[in-house]
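Next up: some structures, all given as structure tokens.
Here subunit A shows up in two complexes: once beside subunit B, once beside subunit C.
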Partner chain A sequence: MTKLVSLTIDGKQVTVPEGTLFVDAAKRVGIDIPVFCYHPKMEPVGMCRMCLVDVGRPMIDRATGQPVMDENGAPKIQFGAKLDTACTTPVSEGMVVIGASDKVKAARKDIVEFILTSHPLDCPVCDKGGECPLQNLTMAYGPGETRFLYDDKLHLAKQVPLGELIYLDRERCIQCGRCVRFQDEIVDDPVIGFFNRGRSLEIVTHSDPGFDSVFSGNTTDICPVGALTTADFRFGARPWELKSTSSICSQCPVGCNITFNVRREAASGGKTVIKRVMPRQNETVNEIWICDKGRFGYHYTESDDRLTTPLIRKNGELTPASWDEALGLVASRFSAAGEGLLTLGSGRLSNEDLFNLRQLTEGVKGKAALYTHMAGGDLTAQVGVAPGTDFGEMGKGTAILVAASDLYEEAPIWFLRIKQAAERGATLIVANARPTKLEAYASHVIRYRYGAEAETIAAMTVDRGPTTVAGHPSSVADASKAFAEAENAVILFGSDGLGLEGSQALSAACANLLVATRHVGRANNGLVGVWSRANDQGAWDMGLRPLTVDRRPELQSAKAIYVVAADPFGDDPGLLATFNLQPATFLVVQDLFLTETARRADVVLPAQAFTEREGAYTSGERRVQRFYPAAPARPDTWPDFAITAQIAQKMGSILEGRVPAAVFTQIAATVAAYAGLSYRKLAETNDQWPSVGSGVRRKGLYFSGTAYENKQGVGIHLPLSPTPLPPVNMQSFHLQGEGLLAVPVTCLYDRGQTVYPSALLHQRIGEVWVALHPADAERLGVVANSRVSLTLGGAEFDATARLDESVPQGVALIPRSMGIPINGPEAVEIRAGERVVL
Partner chain B sequence: MLKELGRGMWTTLRSMFEKPVTIEYPEVKRPVRARFKGRHELKRYDNGLEKCIGCSLCAAACPADAIFVEAAENTDEVRFSPGERYASTYEINMLRCIFCGYCEDACPTEAIVLGDNYELSFTDRRQAIYPKEMLLEPVRGEGKTTPQKTEPGEFIRSIPLMENPKD
Partner chain C sequence: MLAEKYPLETQNILAKYPPDQKRSAVMPLLYLAQRESGYVTKAAMQDIAALCEMSVTEVASIVGFYSLYYDKPAGKYRVQVCTDLPCALRGADEFLSKLCENLGIKVGETTPDGLVTVEAVMCLAGCDKAPMFQTQSSEGITYHENQTIESALEVIDAWRQQEKQA
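Up next is the complex of A and B:
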């Protein structure tokens, strides 16, 4: 327990833990000390001098060591000769801090005047204007007039692209270093830095491509001026014109809380469109950060390629039809199919959609399946992390095992939070077949060969520990000892190099390890799935289960297939060949776009994007969170749960199809883990620190940036399933065959339907690639960055070869959703293409 | 009785030779006062570039919410105004406008000015929304119309150098 210290700030008594900085202590009691360079999430540097305060300490009699008393019996306070910076001075007992005296006011006035000497004052054209800490603090503390001459202002480059996502305005920069410190301290992607000194100091990027970090957008939030702005929102609107709606990011299982800022746009014909995505504070999920995929990837929802009308196949062509006709046809064919109905939903859907899907399917005794390449969602419901879990609290005494996951690419915010936990003293164990970014912070690194994921984790249970990694002195034995002895332990398992079969084995091994080491049923203990979609966990909870590894038998035996928010044939043309053998199968696709699967469908139903409707997602940590409609829906589209309900109605069963809250009430009544939950409970919030303030004139924005206050719900962590864990049979899984092995890996920016429509990200997405070890490449005669052709599963593909020392020998990494269909590890043949170095 | 009638007739007769207070509108138009607040005009610089930078402060100041502004970025090939930003959409709903002149006050570049024109009539609500093309003043003298192709580096400053008001 840290010692508490009492002090007086502007006449108010404050009691805070020892070591707290003044600026934070003052904020706790609602006193705002102005800052530019200080940020509550980062180490203080005291660069801007804006937070000057008058600090007095009790006088101590040197002879006795006792405080000197004045005539009234109160301790005598001695003030320093000069002012101190509130952001670098920690509190001590009996201190008196004055932040409102004339002396302090005069000092702050001079600092503002000084900062403004070379500020261009182009607030009218600045994207930050209106939510700018410099504007606000100038109005509050500034002199109103300057004694400097406008003619002598420093004029610098105005629009310097640091990368294709972030622009720098050198004139506006006040050199506080928040962006540089964020990239160094918080993210550890030191791709931007200071160059030169004094008046010539400038922010530069030293990566190629520029500002190569997936967290780059956050620097624009914490920039206290308009020096860093995003290319996406450039001149998009003024902040006070924007309306904000709370939502949940749908790109990965972290479930970051976001705010959509919307405004009517003339360019879109007067429609209300999303102008920007901002982080919304949730200290237990994403703090005040989001990754660039979440920030810039939303454009698919407003793509012109969206489906806007139901389509029915007539004479071999998909032709527009009325909802009534389409739904009637679907309902009659589904009723006829009965047990032969196969429903395939994905984690892109909300809980309400998935619940209705299952209700409809089970109404005719069909099979509701989850479209995924990962298993283990049933295990996370039993041995998952218990309510109260917070990566932000983890530190000493906690072990975190990250198995088969490249978190930086799969779930960037978890990467950030686990990295920080490791820096606070948590024991981080990274088990992967290849080096990942997270290993730099790991206490133990376990390296296995692809295919031995489950074996390796199982070895940790029985403490055999044979494998050692060159350069890492620790072994599996050390890692498993550290894991077993830790007070709390969490495992995150991903799908790096794994298909469904491998994922089944790995998740079982992880669950067994947690049970064996008794790290279950408590907060900050348990299993977390790094799913590929936002609501995969919710889909498991709603009772959807993956198809078999082969998938073909189910597709072949189905009389009608209802594919919702998934594109199995686009992802795997091999499946299409199987499907084509079944001309009688009735295929219904419900999606946002005319996907490859939809092109083959008999009926296509246009759904609404998550930005246009209400719903709830369950994150990988099993936190249920609500999202709200931000933009108006496309005319003649419906939310997924409503379409399903209307089909059900025509089939003669009643499902809730109007109010998502009512569907959720049914979920709460049916699904044990969701018992007692309601939309109202999901909308509850709590006090969070650091406080970011609310509204356009939010007071806290200079303190912690332009992240939005959480006013519409922090979500509720689901309790664990009360059923005792059955012993999990871990199926052993071995790869067969010789030669080069292709393994699927996840990369953050891919060519998926929910990413690629964002043109801004195309440069980061790049060409479809395959990564090889240089030794393998040499053997195959493949040159770096050359085109290669590869044979995978009987089909031919072209790709650009990337040579990477970190790829294990004998393995070719193939990114998912980039154009080469790959479900799991399989043999591949690679031939060098024409030798043109791109 | 006759006396009163005679006085009345005299008044009539006298007024026939007086200068009339009415004018023959619309053939004749009365000049407006110096501070008259009529229909808005978006001003140009002498070279034809628009003064408006699309900052939307007029819309923020407007008590009737009559102004809608959307901004976009200038390039040297397609330049509407000096600096980085120009108004790609600028609309005023004249039915909403109360001609208070707050927009003029708020404008940092003196781009929007309430002019002399008071002849605003519409037969349709849509007609009352004046787009940028109607609000922009015509190009004068040597100036060229916008968009212009300009030399790189010539108009990079976002606001014309700030000076104290002259008059």
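Up next is the complex of A and C:
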């Protein structure tokens, strides 16, 4: 136990753990000590001097070592000659801290005056105006006028792009270093830095592309002035015009809590539109951070290409139709198909949508399937991480195994949280066929060849395996020993290089390892899937299962196919053959866009985006979290669960389709793990530290930035299924083939439908590429960054060749959702130069 | 590439530091690079970043922090006049402006012959012998203390002569 000490701050008694800084101790009892450079998530640096306080310590009699008492018997307090910085001074017993005296106020006034000597105070045109710590503290402490010469004010560049996402206004920067420290200390992407000193100091970037970090947007939240702004929001709106709605990021399984800021504006023709995405605090999920994909990727929801009306194929053409006609047609064909109905839904849907999909399908004895390339969601429901799990708590004594996942690209905030756990002393084991960024923090690195994922993890179960990686003295045996002996252990498995079969084997091997080492059924122990979509876990929980090879016959015999929030033919044109789409097969697509699959459909139904409706997602950690309607829905669209319910109604069965809360009640009543949950429970919050800006005045702004307080629910972690599974059978999985092997990898920014409509990200997404080892490239006569053509699965594609020493020889990495369909490892042929079309 | 051009120097520098603390080598490597072209080129920063396993931005920050490193080309000799408080009290500002006047340039500029660049810098720890300046060139760093405008111009003249003879 850490020792507690008691002190007095501005007359209030506080008891806090030894080592706490004044500034934090004061915040705990609601006293705001103004800061600029201090941030509760970072080490103090004491650079700005704004947090000055008067500190008194009990006088100690040197002879006796006892405190000196005054005439009333209270300890005599001696104040220092100078003021101290509250952000660097730790508390000690009996201290008396004064922050509200005239002396302190005068000092703070001087500091503000000093900072303002070079600050433009252009609040009326500054994006931060209205939620700006400097503005607020100038109002609170600043002098009415300055004694410095106005002509000596520095005039500096006001539009410096630090890359295309973040802009710097040099004049406004007060040199607090929060941004540089965040990039360095917190995320370890030191791609922005100070250049020069004193008044000439400026923030620079030398990375290519500029400010090359997927966490860059967070610096605009913690910058205490308007020096850093996002290209998305700058000059977009004044903060006080914005309404906030709580939501959940829909881009990856982390489930970051976010806030949508919306405004009704003339610029958008009087419509209410989303102006920006901000992090919403949830210390057990994303703290006060989000990644740039979450911040900038939402634009797909407002794309002009969205479907706005049902379409029915008439004389070979998709023609607009009324809902009534479309739903009537769908219902009659689904009823006719009966058990020949195959429903394909994806983890882009909410739990309510997926639940209704399954109800409708099973109502006619059809088959509901999950559209995914990853397996194991049944295992995570049994040996997943138990309630109470918090990456933020993990440190010494915990082993974290990350298998076949490039977390920086697949789930950035988990990358961050696991990196920090490793820095706190957790044993990080990274197993992958190629090096990933996370390895820098690993105590054990296991390198296998693509295809040997499951085998390698299985080897850890029996504590053997000599594989070592150059530069890393550890072997599989060392890693398994560390894993087995750890008090707590977590495995995150992803799909780097894996297709569905490989993923199935890997997830089973991981589950086995956890069971064998007794790392199940407890908080901070268990299995986490690094899924490709936000609600894949929820889809598994709602009973949807992927179309594994053994389910192929279901596909072929389908009489009607209901594809919801998925684009199988767009992702893989080759699938058309598998589906055996005959003219007689009735294809219904329910989506936001006219996808490749929708183009081939008989009926297309326009759904609502998650920003326009309510629902609940289940994150990879199995935390159920609610999102709320932020923007008005497109006219004549419906949420997915409601469309499904209406089809069901026309088929003569009753499904809940009015409000998602009612669907959720049914989920709670039928899905064991969700028992007892309700929308109201999901909306419950708890105390969070550090406290963030909140309320109209957002008082905590200068303490920790502009992240939003969590007022609408931190979500609920699902219990594990009551029957822990017996060791799983692991089918072994081996790759065949010689020559070059193509394997799919995930990159954060891709050409997927929920990313690409954000034009802002196009530069980061870039051209479709394939990565090769330089030796292979040489053999093939391929030069770096040249165009190559490749034959994959019988089809031809063009791509730009990236040469990368970290790619294993004999392997070509192909990014998912970038234009080359790839479902799993398969043979590829690569040729240099342009493809000649004959 | 720095390492290819000066393999021995680079190796010697790197060898002085433990392999897991390569970033410690950044300062001497920057000197090496600066000796080459009078300033640290972008390419050199990239080389050094790779050698020291740092980001280019971090290397650039170090160049920016220390007044002894440059990221832009300038005259062959850099005359760095201290204008910090103690020196200012002994007439550094006047010294600097006179010097510039005589050379026909402003602070920060380079003489047309490309020989001399004049800069104002912070304390050089020669406060008791102000006015003072240091010169920086491929020959290294030299202090010139207790200066008058005449003595300073003499120094510069000597460089000019040297230049002519060469």
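Note that in this section the second predicted complex is superposed on the first by the 819 of 838 C-alpha atoms of A that agree within 3 Å, B and C clash if a C-alpha of one lies under 4 Å from a C-alpha of the other, contacts with A are read in each partner's own complex, and residues count from 1 in each chain.
Going forward, a residue touches a chain if its C-beta (ideal position, glycine included) is under 8 Å from a C-beta of that chain, and two chains touch if they have at least 3 such contacts.
Quantities reported herein were computed from a predicted structural model and do not represent experimental measurements.
S.K.: Return first, second, both or neither, reflecting whether A:R552 touches subunit B, subunit C, both chains, or no partner chain.
M.R.: neither
S.K.: For A:R197 in the superposed arrangement: first (subunit B), second (subunit C), both or neither?
M.R.: second
S.K.: Between subunit B (first) and subunit C (second), which, if any, makes contact with A:R522: first, second, both or neither?
M.R.: neither
S.K.: Check whether subunit B or subunit C contacts more residues of subunit A in the superposed model.
M.R.: B
S.K.: Using the superposition on chain A described above, determine whether A:K109 touches subunit B (first), subunit C (second), both, or neither.
M.R.: In the superposition, A:K109 contacts neither subunit B nor subunit C.
S.K.: Who does A:T205 touch here: subunit B (first), subunit C (second), both, or neither?
M.R.: Only subunit C is touched by A:T205; subunit B is not.
S.K.: Contact-wise, after the overlay, does A:K158 reach subunit B, subunit C, both or neither (first, second, both, neither)?
M.R.: first
S.K.: Figure out whether A:P120 sits in contact with subunit B (first) or subunit C (second), or with both, or with neither.
M.R.: The answer is first: A:P120 touches subunit B but not subunit C.
S.K.: What is the shared patch of subunit A, the residues that subunit B and subunit C both contact?
M.R.: Touching subunit B in the first complex and subunit C in the second, no residue of subunit A appears in both lists.
S.K.: Applying the document's contact rule, which stretches of subunit A touch subunit B when the two form their complex?
M.R.: 120-122, 124-125, 129, 150, 155, 158-159, 234-235, 237-238, 240-241, 264-267
S.K.: Residues of subunit C touching subunit A in their complex?
M.R.: These residues of subunit C touch subunit A: 42, 45, 54-61, 63-65, 122.
S.K.: Over in the complex, which subunit B residues touch subunit A? Could you list them?
M.R.: Per the touch definition, subunit B meets subunit A at residues 53-57, 59-60, 68, 70-73, 83-85, 88-89, 91, 108-109, 156-159, 161-163.
S.K.: Write out the stretch or stretches of subunit A touching subunit C in their complex.
M.R.: Going by the criterion above, the answer is residues 189-198, 204-207.
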